[in-house]
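Look at the two complexes coming up: chain A is in both, with chain B in one and chain C in the other.
Up next is the complex of A and B:
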């Protein structure tokens, strides 16, 4: 049951002739068992905030505490391998690997035996509504919604307690959006994961337990 | 474990990419191999030319304008024939003569037929030339008619001139002045003089080795016989002309140093090379012309061609390096999504580098092995492997260079996303 807290978080992108202050003094608390959505316009800094939470970027100032431990002092690869699953709009599946191989890849990284990992893959694929016939298929043969469900299945299989999703429904139709939102919500409520979803889709926000609004790199509101 | 899983998947799905890269590297390696083989062959040709093209040394007058009728004293001629060579009062470790072979010499005397023979109808004018030669080529004055009509008697041949046997080749019309022994061998008795007007004469009996039909009265005998007769009459012998072939062209430079201790240096065109230092020429009686124009011209052409080839060689290595680096970069760029996905699920950077390195290393290794096999088998290349090592080093450097770039690219990609 992971809890994430940011304290005075700041981050800038340095271009050739200018500095873009993407995240400014963000303080928030992300709790386990809740689906928390960060909304905002394009360029509001929400995706940057998520990449900071995923330890893909390092904060300039401030800190991120995961279960009261400084994220910067943790091994970033190990953090993503064992604690935080990252889901992006572009699915981020291995194009060369089958669905089954994509799901078991992080399990193998965590030294789980291949046979056990394969059984686990079949189980989680069922949980996201896909049968065993998908196991040997390649990502390119799946629809956007199916690919995103495989990405969620990968997070489920790895049993991470943090799920960080950046525009996971950005390319999907309403039906698939509802399905993915339902899965993420279920991960929060049934598995106790700390689910953080960055989106500008209000229908996703409508299913959230808590909504954070960002504007110009700062946190402009929280509800409830 | 995930590294192997990914590699297996990569080999399964990117077979055409791998094959393309493999063949690109293979073609480059074979090109390089053939290029090295070409250079080796050029070097061998050069070596062969250096050894086989004849270089001759001809003695001439001091100006280099005349190579016959020189009257070279015996002590100078003997440098080319004696097995010992002393210089500055000391016996040298190598004889002057050890640098040359096929020494061609000519000495001219005069002969007349004894008086009883002169009573014949076909009167031969007195004081004709008796020419001592080491071979027919030693006398450039021998006409083609003489050579064409020359017929040796049974058991005789041109080699007779290399010996000291008192034998001779005569004009056919002198056969009437010959006598035969019990074994049917023909002999000619002549009176030998140093010069036509000389009072001193000596009688010489020569076995007739052959006859010629040209309109000439000269008698040709072995050079040694003529030299002995001259020494008998005059106390020493002289040589009209002397020419020799350099035994080993690799020693030409060393030989020239020794040669020009005793003879002035003149160009093949007959110009004294040290004319500006004319006092030096006073020491010399004769000059030596080294006829190595063909060798020098051939070597120059070969060296020019080799020089061009040697310039191309590093360029080819650089090209291979660039192609290796570009292939590696391309190889990585097509894996952008894979690398990004790998980073997102927590694959360590070193594991990603391992994935790339193993892929490239496998392709490069396979290429080098196949190239070595093909070039050795099909092109019969010596197993020196020197260029395989060179190619391997170049390719490996290219590979490492690529991976370094890929690592940067992967980090940048992950950060940007």
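Up next is the complex of A and C:
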């Protein structure tokens, strides 16, 4: 049951000639048991905020509290491995591993026996609407939507209490979008996960318990 | 994440990476093999090639002994204070008696019989019956006799039936009795096989092998007519007396014989000695009439002198010339390669220093006496001094002195272990610096201190620094000595010096290039193969893999192909080394002619030792593997430490 709170969160990308202030003074409360959606224009800093929440980057200013504990003082590897599952916008599947191997990778990191992990993989794959015949295929042989669903399956398989999804339905048809949206909201509602979804898709936003809007790195609105 | 799985799922990439690294590894192995071999060869060539300066007998006055000493001292001081000189060795000479060892005679060598080389094994004694005697103008007697009994003769000589000898009144006292025809005499002296000398002369003249000379084909019948005819054709001068003609059966070649030569058939000569009777202190000649059997004669007290003479003669027959040296390989004959070690070894530095009782014999002497390396011979040193005292201009074949017990000291006796055999290309020749195959080499420190260092070419070796001979000669000239005072023997060093230097440089160049190639291959491998893992690494990190897990993964991912590559490279190098050396060194190769020259100079070939190179390849491969591991450890650590590496491509 994880609660995430950001306090005056700031982050900039520093390149040679310019600094891009991607996240500006963001104060946010993300609660367990809710499906929370972040929307905003392209380049508004949504993915950056998500990577900060996933501890893939460290904030420049401000802090992130996970269950009232400073994220920066926690073991980042353990946090990513055990607490926060990330569904990446670019899927980030291992190209040389099969669908099954990709899905069980985080489970093996958590020292879950291979057999158990494999059963679990089959189960989550089914949940995202793919049958066992996909298990032995390589990501390159899958369509974009299939790859995206494998990435979602990998995040779900680990059963973490925080799910951070970056455009999880960007490549999916309506039917699969519905399925995934349903899956994410059921995780929030039934399993009490803290689900954060970044999306452009209004149908996803429509299913959200709470919607945050971002613009130019700042939080411009919250609904309801 | 299993690195093996990752490698096998991209086999072409992996294979290419392995091939690149193994090529670099093989190249490095081979070039370092060549580099070290060439270095080693160069070092050994520097050590083994002796550039020798020896006094040139043509430019050097040997005749008067005081002048000789002065000139010798001048030579020595010129040689000793010279920057181009490595060392100066004065070899020693002494005689040694070895009762169990039988010396070689020149008479045993086809067409090389030279009585003066058989000293002192040529002492002989006979009981003879006088058949003819003629008085000489100086009052002595020329005697012809039939040999009745051989009292003493080296078994190498053939026994003849007649003996010629001359003698005179050596004591200068009362008139000596003339030799009486029909009476028996005991004669002692140096033996010369006239019959053999005659055969040798005839064989040379009619150009046939010695054994084909048949003295029964000498005919006296036509001699007078032949002389007449030759005179009529104008051969008056220098023709001498013609007593007979010899016709070689096979070839029909003819030659003439003088009356003296006709006398030589089946005849030997003996040269009696003038000795001092120690009791009366008067000289006497070693010819005496005996009117009783020899044994009875020798047993009588007044003839004890004769018994002593014969005893000493037996010892003299086992006298050997000994050269004591502080470095055998600087002896003239070895440097000129008219002598070389055919078996065993030369003396070690420790043996030279401590005067260990070790010796080197000629192979022929060893064969004649059934000796092998490791056997021991006893040597009783005796005498000392210049063996050439009576022949000032002689420069070769020193001979042992005559043996007298007074010349020997019991303390100078010892068992000498044979450590090597030398072989000569022209033994029994009178060429400069040569010695007879009876000559025994020992460390100088093993000789008694009274052993002399004669002022002869053979006994002085000035060892120059390789490649410095011209500088040495220049400074000799500056010191006022004649330019040709020293003769230089460099055993061909000057010829290979340039190619030696170039090949060392060439091999160094190859080695450098191979190191650069290896480093380049390693960098390509790391940045174009291992670095390609950075995206997977980012994925692993974003899914919660710790930095240790990632480092381990990267390390194994890099090490497995590299390890295989080193194994393959090592195999390639082992298999290809000889071929590569052959190719680089082959005359046709345009790669490096200097290496080729070095390889083909016979002395270097043996030095580039195959087994050494093989172990070297293993060593270099091991070092490479070690270097790889160190590099990969560093690289994987750096890659994990690189900040933000795992957010690449995540959004």
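Criterion: the second predicted complex is superposed on the first by the 224 of 224 C-alpha atoms of A that agree within 3 Å, B and C clash if a C-alpha of one lies under 4 Å from a C-alpha of the other, contacts with A are read in each partner's own complex, and residues count from 1 in each chain.
One rule holds in what follows: a contact is a pair of C-beta atoms (placed from the backbone, for glycine too) under 8 Å apart; a residue touches a chain by one contact, two chains touch by 3 or more.
Being a predicted model, the structure only gives us computed values, none of them experimental.
Aligning the two structures on chain A places chain B and chain C in clashing positions. By the touch criterion stated above, A:89 is placed in contact with chain C alone, chain B being left untouched. With both structures placed on the common chain, the touch criterion links A:56 to chain B and to chain C.
By the document's definition of touching, both partners, chain B and chain C, reach A:81. Legend: residue contacts after superposition of the two complexes on their common chain; A:8 is shown touching neither chain B nor chain C.
In the superposed model, A:106 lies in contact with both chain B and chain C. Put simply, chain A uses residues 51, 54, 56-57, 77-82, 86, 88, 90, 92-97, 105-106, 109, 154 to touch chain B in one complex and chain C in the other.
Chain contact summary for the complex, chain A toward chain C: residues 47-48, 51, 54, 56-57, 77-82, 86, 88-90, 92-97, 105-106, 109-110, 154, 166. For chain C in complex with chain A, the residues that touch the partner chain are 1, 5-6, 9-10, 536, 538-547, 549, 644, 646-647, 649-651. Those residues of chain A lying in contact with chain B across their complex are 51, 54, 56-57, 77-82, 85-86, 88, 90, 92-98, 101, 104-106, 108-109, 111, 114, 138, 154, 158.
Contact residues on chain B toward chain A in their complex (touch as defined above): 1-2, 5-6, 9-10, 12-14, 337-338, 340-349, 414-415, 417.
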